[in-house]
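Here it is, the structure in full.
A, B, C and D are the chain letters, set down in written order, and residue numbers restart from 1 in every chain.
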């Protein structure tokens, strides 16, 4: 109950940020070559797809994280606000990325911007969890400190992998972008892991 | 309780996507012929009406579906995210449609785009339900497997009908569009069916 | 519980529509005469103020209405969707109104458009309530049929008054607009009435 | 339970207003000097950062306030709507501020506008709390009248400090802006205070 409103507020920001992504896909003026104009927007569709799955993923992890958090204090709210600030920023970096893909220029800069935003978001995400599990003050009995630590180790993987992707993207932009897409899919898909985790959580 | 946040997040995306539809109706600059300018926007009003009822309908079906879902796993979240990605894309295809109606050009392309989006959305919708009812793992006791199957069969009707509409629209665009509108109204209106269903659900 | 998600979805649409109103106030490019440019936007501020209080008011009435509704069926969802479609349309008619006030032209048209939207919205609002209280099927025991009828009579006042305002506005636009503003304030302010009602509701 | 929907509606407005802030950061067209173009947007990032933390802060305080409010009446809804109207206005004043910082002109006007909006918002915020604690009618037993008064005194600090900041900003704009940023951080950070408060609240 204590965490209900922070979850509702966060859900709102996640839902709006994820839906605002579509505003970057500008509908072309209808014309005789509408089909071609629509196809030419493929970089926007690609960026929409990647960022939508990304925000959905952060939301799913946020959901998992808050299943274990029982109490909220001011500092947790602060770290959560920083995380949301990062999430709400994603439509901007997505627009820069798709613009760069459409214009065939500036991809290095766009990929570094995109990747850095992911890294920083990952750090904020971990800050929320670290603060919550510090001395187990804000967690409930449903999770043991050792399990909380195991989750922390898994959460740390995100920003680390994104950092590697950003470094690679600084050298070969397209490769960095492909890596981000692969990572997002990879984090979504290992269902067995997810199933196992959600089953172990209550026990 | 376990499904509470995925419903809240989905409600958020539905609510935002449905409200963003109005941004496609650009208010004309006030002038001596304001009334005429407002009337000339009728394609935008029509597209707004159809897509608003459509998203409202998907929401109502989503609501019905989640009344039977008791548990959520990672894969269900993934399919649900794909569904929401489709819903959030609807303001874009609606804008393309209304632009085509206003400019009297490209309607075939716009109708195929609109219809294909509906078909894909219907597939994602069914993916969520199929995953949830597979071995009855994620459903509660309130619904029997046979009833879940009956609902599945009804849910399958949507994408099938939209596919037929798209095929017709590829030949006679206006007819395809009229069919979409008719289908949406048809799915909304058979109240007796709806009443019966919601009554049978808990039993 | 059965009405929880329709309320959450409606709250989302109300919250987004009310917040989108600010997008019509275009920030002027900063310049040496920024203060004057900001003051020149007064019609936008006025339209923002009126429509914000209006949507807040519809939300408050929607909230009151759903405190008595215990069950939801397909038709109620349909009428509620029509109501939300009207609410989500208000940022558009507000933008037309403020544009007309800024350009000193087309006010008659803008006021008629604004008023008609209010009238239609009032009709949809009453449709939801009439459907819910028909044979008392969707209401709970917390309210007697006679009280439901009394509320219906009060809800009917809205569209009637807005219709009068629209008729007056068709003759003297500014007077119609002033009447809308007065009505909105009037419906907000009679606190004693509101207090009385909320106290009588549970009894 | 009675305050649940007003909280959900408010959370929606807070979440949308805070996320709309990003729309003011216009993605530059990709070009050979994309990195430089992105860096030139620093005033927009700064304004985004300040206003995001500000709205997050108002939300956190709103959350704290409503933990003590048990009943809602029409007048409380009215004051809360005024507060939300102020919050939803913040993306506009933020856009004016960042435009002024980018163009190096009109900063005095922009800072006065920003500060005045904060002052008025603070007054509306206090109006909600004063109305709720008047004769303790709308508060629950979890809080003593003396504690409600202590909170009121703390809430009063906000608009007072923002008023001082606005006055200073009218003389030295940059100093006023720095003061707003400092105040927002200061209100976020004193965690010990926050911890103490949330611990004392239930007792």
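Note that in this section contacts are C-beta pairs under 8 Å (C-beta built on N, C-alpha and C of every residue); 3 or more make two chains touch, one makes a residue touch a chain.
Bear in mind the structure is a predicted one, so any value in this text is a computation, not a measurement.
Peer 1: At the chain A/chain B interface, shared numbers over all numbers used: above half (same) or below half (different)?
Peer 2: different
Peer 1: Using only Cα atoms to place each chain's centre, name the chain farthest from chain D.
Peer 2: The most remote chain is B.
Peer 1: Just curious, how far off is chain C from chain A if you go by their C-alpha centres, in Å?
Peer 2: About 36 Å separates the centre of chain A from that of chain C.
Peer 1: Can you compute the centre-to-centre distance for chain A and chain D, using the mean CA position of each chain? Integer Å is fine.
Peer 2: Comparing mean C-alpha positions, chain D is 26 Å from chain A.
Peer 1: So which stretches of chain C touch two or more other chains?
Peer 2: Correct list: 8, 11-12, 15-16, 20, 23.
Peer 1: Where on chain B is chain C touching in the complex?
Peer 2: Against chain C, chain B makes touches at 7-8, 11-12, 14-16, 18-23, 25, 27-32, 34-35, 38, 48-49, 52-53, 56, 59-60, 63, 66, 188-191, 193-195, 198.
Peer 1: Quick one: in the complex, what on chain D touches chain C?
Peer 2: Within the complex, chain D contacts chain C at residues 5-6, 8-9, 11-13, 15-17, 20, 23-24, 72-75, 77-78, 81, 84-85, 88-89, 91-92, 95-96, 99-100, 102-103, 105-106, 109-110, 113.
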